[in-house]
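Labels run A, B and C following the written order; every chain starts at residue 1.
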Amino acid sequence: MTLLRAEDLDCRYGLLQAVRGVSFEVTQGETVALIGANGAGKTTLLRAIAGAHKPHSGRVVFDSADVTSLPAHRRVSLGIALVPEGRRLFPSLTVEENLRVASSGQGRWNVPSVLEVFPLLQPRRHMAAGNLSGGEQQAVAIGRALMSNPRLLLLDEVSLGLAPIVVDAVYRSLAGIISEGTTVLLVEQDLARALQVAGRVICMLEGRIVLEGEAASLDRDQVVSAYFGLKRPA
Amino acid sequence: MRVQRWTRTSKLFTSATVAIAILLASVPLLLEADLVQKLTNLLILVLLAAMWNALAGYGGLVSIGQQAFIGIGAYGTVFFAGLGFSPYLAMVIAMLVAGVISIPISFLALRLRAAQFAIGMWVIAEVASILVRLDQNLGAGTGISLIQLNQYAPNFRQAFTFWLALGFTVIFLAALFFLLRSPLGVSLQAIRDDEDAARSLGVHVAARKRLLFVLAGFGCGAAGVLIGANTLFIEPGSIFSVQWSAYMIFMVLVGGLGTFEGPILGAILLFGIQTTFTQGGPWYLVGLGATAALFALVLPQGIWGTVEERLGLRLLPVGYRVVEMKSEESTA
Amino acid sequence: MTFVNAVVQGIFLGAFYAVLACGLSIMFGVMRIINLAHGDIAVLGAYIAYVIVQGTGMSPFVAFVVALPVMIVLGYILQLTVLERSLKAGILTPLLATFGLSIVIQNLLLLRFSPDVRSLGGNAGAVTTSSWQITNGLSVSALGIVILVVALLVFGALQLFLSRTRAGWRMRATAEDADAAELVGIDSRGVYARATALAVAIAALGGLFLAIRSVFDPLSGPTQLIFAFEAVVIGGMGSLWGTLLGGLALGVAQTLGAHINPEYSALSGHLLFLAVLVVRYGGFRVSLRTAR
C-alpha cells in the first residue's frame, strides 16, 4: 500500500525555486534512495515531507491523509521522522536525554533497543551530545528519530563528513532497521551505497525528478547522465 | 535600462525642500514667540527622529539611551554658560562636547550585541543622570535654569533659538543626506541587509557604525542643547528620561524606519498629536506605546516605507532606481 | 564590622535582584528575547497582589498564590500576541515591541492607580519587621532570609526541571535548536508559551518581594528591568546560576557603594555592569587569548 505520496510539490526560498513540480510515491516497506547533485532540492524535499518547510503549492499525503498543512511536530506523532542533514543533536543534552526527549512512549523502539542497534553508544550514554565524534553523533541522530517509532524514516545524508569505515557501521545498523520493515526514504551522495541499500532510486536535478526506477534494473550510465544532466538539450 | 538618481518628482521635491528651509528661516519674523517656540519643538523632534533613524534604520542599532547625549547637551550648555561663554556660543560648544564624548563611548557600546547595546546605552544615560544629580553646581536633583539667556528679550531669544534649531536641523539632515548618497550610504544599506556578507566584501562595518553613532551623538547633543534653550529649565529626571527614547522610537517606527523622509513624517505626526492632546497624560502615552508596538509587529516599514513601496515614490534622491528605457532611447 | 554588614545586606538585596532577573534570563535563554516590559510585568504583579490584599485582607504571600494563575494566563497571552510575532520578525522587533508594551503597561497602571507609591510591607506581618542582631554591626532581617531562601529554591527548582524532567529537556532542546526540536516531535510554540508563562510568574514573585521590602509605583518598572538586566549580564547571559550570582554581585556592589555614600548605590551597580561589559567585550579578551 502507498504510505507516502508527494503531489506536484513546489518548494521555494523566497524567489528561489528549490523543488519544482515533484510527484512520487513510496510504498510501505520500501527503501527508496533520493540521489542528485548538491542543490538539486533533495534536502528541501525531505524537509517538506517532514513538515519543516512549507510548500508553495502541492500536497503531501501520508497514509491517505493530507498532511500538507500539519506542523512538523504533529507529523512525528503520525509516524514521519527525519534525521536531518548535519545531525542537529542538542549539544548540551546527554545521549540518553537526546533520545528520551524524542520518545513516543510505546513501540518497538526505546532507549534499550536503540542502544542495542548502536552498541557504540552504550558507554557514552551520559555524555553530552556535543562531545561525541561524528559517527557517534550520527548514531544518536538516527536513534533519536527511531525513538518516535516512525512508520516512515527519512534520512538526509547520513554519510556526510564521516570516515568510510564509520559509514559502513552506520549502514550496517541501517540494514538491520530496514529488515524490520520500516519504510525508508534516504538521501545519499554516495551513488554506490545508495544503489546498494535501496530497492528503488529517484534522481533529482535542479528541483525536478529526472530518473526513477528499480535500483537493480538501472545501469550506471543512465544514472550518471541523469545525475549530471548530460542528455539535456543545450 | 538605465540607472537613475534623480526623478522628476525628487527634483521637484528637493527644490521645494530648499524653498521650505528658506521660508522657515523667516518664521520668527512673521509669527509670535509662542508659535515660534512650538515650531522650535517641531524642529527638535525632526532632529531626534532623524538621528534615531540614522542609528536604527541605517545602522541596525537600537538604542534606548540617546537621552544621555540629550542631557549632556543641555547640561553642557549650562556648564559652559556658567564659565562665562555667551549663551549661544555655549550651546554650540555643548553640542560639540556631546558629540566628542560619544567617541570613547562608541568603543565600548558598539561591541555589544542588540539587547546589550540597547540597555547598555540606557545604563550609560542613567550613569550620566546620576553624575549630574550628585553635582550641586549643576543644580543636583532639583534642576537648573539657563539664567544667562535672560539677557535677551523674549522675542529675540525665541528667534535666536529657532534659528539655531533650524540651523542644526538643516545641517544634520544635510549631513545624513549626503552620507547616504555617498558610496558610504550604499555600504550602510548593505550592512543593514546582511552584516556578515557586507564584511566579507570588505566593508568596514565597525567604522561605518561608529560614524553613525557619533553623528547621532552630535545630533542628540544638539537636540538637548535646543531643549534646554527652548524650555529654559532642565532637571535630570526629565532631560535624561527614557521618555525621549520612547518618542524617538514612535516617530521613526510610525514614520518609516530606514527611509529618509519617514522620520520627518513621524516627527510631524507626533508634533500634531502633542499639540492636540495638550494635557498629555497617560492615555496619550498608552496610545503612543501601543501604536509603536503595533507598527513594530505589523507594519515595520512605517507609513512612509509602505507608501514608498506601494507607489514607488521617492521624494528625496537618496537611492537609485532602475528604469526601463523607451525603445527610442535605447542604444542596443 | 559594618563592611561585613554591607556585604550581608548586599547578599539579601542580591537575592531579590536574582528573583527579578530569573524570568528575564529564562526568556533570553529559551527564545533569545530580552523583554523590555519585564520590570513592568513585575510591577503589574505587585499591583495585582496589592488589590487582592486591599480587598480581602489576606497576607501578601497568600494573595500572590491567588494572583499567580492570572499572571500565568497573562504570560500566555503575551507570548501568543506580541512575542510570537516578534520571534519571526527579526532582532530589532522584540526590543521595539516590548518597549512599546512597557510604556503601555506603565501608563495603564498610572491611569488605574495614581502615581502615589504603595507598599505591602505593612501587610506582610512579622516577617517584614523581625530581625536578629548577630553582633554589634551586623543584623540579619527575617525578610532578607526569606527572599534568599526563596531565591535558592526557585533557582534550584528550575535546575531540577531543566535537568531531570522531560518537559525541561524539551525546553532546552527547543532553546538549542528549535527546528530540530520540531523534527523530533516537540511543539516549539508550546514550549515558548510555557517559558514565557514561567518567566512572567517568577517576575510576579519579584514584584511581590519589591512590594514587601520597599515601595512601588506605576513607573517603577524600568528601574527593576535595568537591575534585572544588569544581574543577567554580570552573571553571564544564558547561564541560569550565573543570573543568581550576577544578582548577588549586583546587590553587594550596590550596598558597598551605599556604604561609601548613600547616593552611590545604583551608580556602583551601573559601574560594575559597565566594567563587566568592558572586560568581556572591550577587546581585552583578545589579549587574554593571545597571552595563552
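Heads up, the rule we're going with is that contacts are C-beta pairs under 8 Å (C-beta built on N, C-alpha and C of every residue); 3 or more make two chains touch, one makes a residue touch a chain.
Computed from a predicted structure; not experimentally measured.
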Chain pair whose interface holds the most contacting C-beta pairs: B-C
Farthest chain (mean CA position) relative to chain C: A
Per-chain CA centroid nearest to the all-protein CA mean: C
Distance from the mean Cα position of chain C to that of chain B, given in whole angstrom: 33
Rounded Å distance, chain A centre to chain C centre (Cα mean): 43
Interchain centroid distance [CA atoms averaged], chain A/chain B, Å: 53
Residue numbers on chain C that touch chain B, as the complex places them: 28, 34, 36, 82, 85-86, 89-93, 95-104, 106-108, 110-111, 222, 225-226, 229-230, 233, 237, 263, 266-267, 270-271, 273-274, 277-278, 281-283
Residue ranges of chain C in contact with chain A within the complex: 166, 169-170, 172-173, 176-177, 179-188
For the chain B and chain C complex, residues of the former touching the latter: 56, 60, 62, 64, 107-108, 111-112, 114-116, 118-120, 122-124, 126-127, 130-131, 133-134, 242, 245-246, 249, 253, 282-283, 285-286, 288-294, 296-297, 300
Chain A residues within the chain C interface of the complex: 50-52, 71-73, 76-77, 81-82, 84, 88-93, 97-98, 100-104, 144-145, 147-148
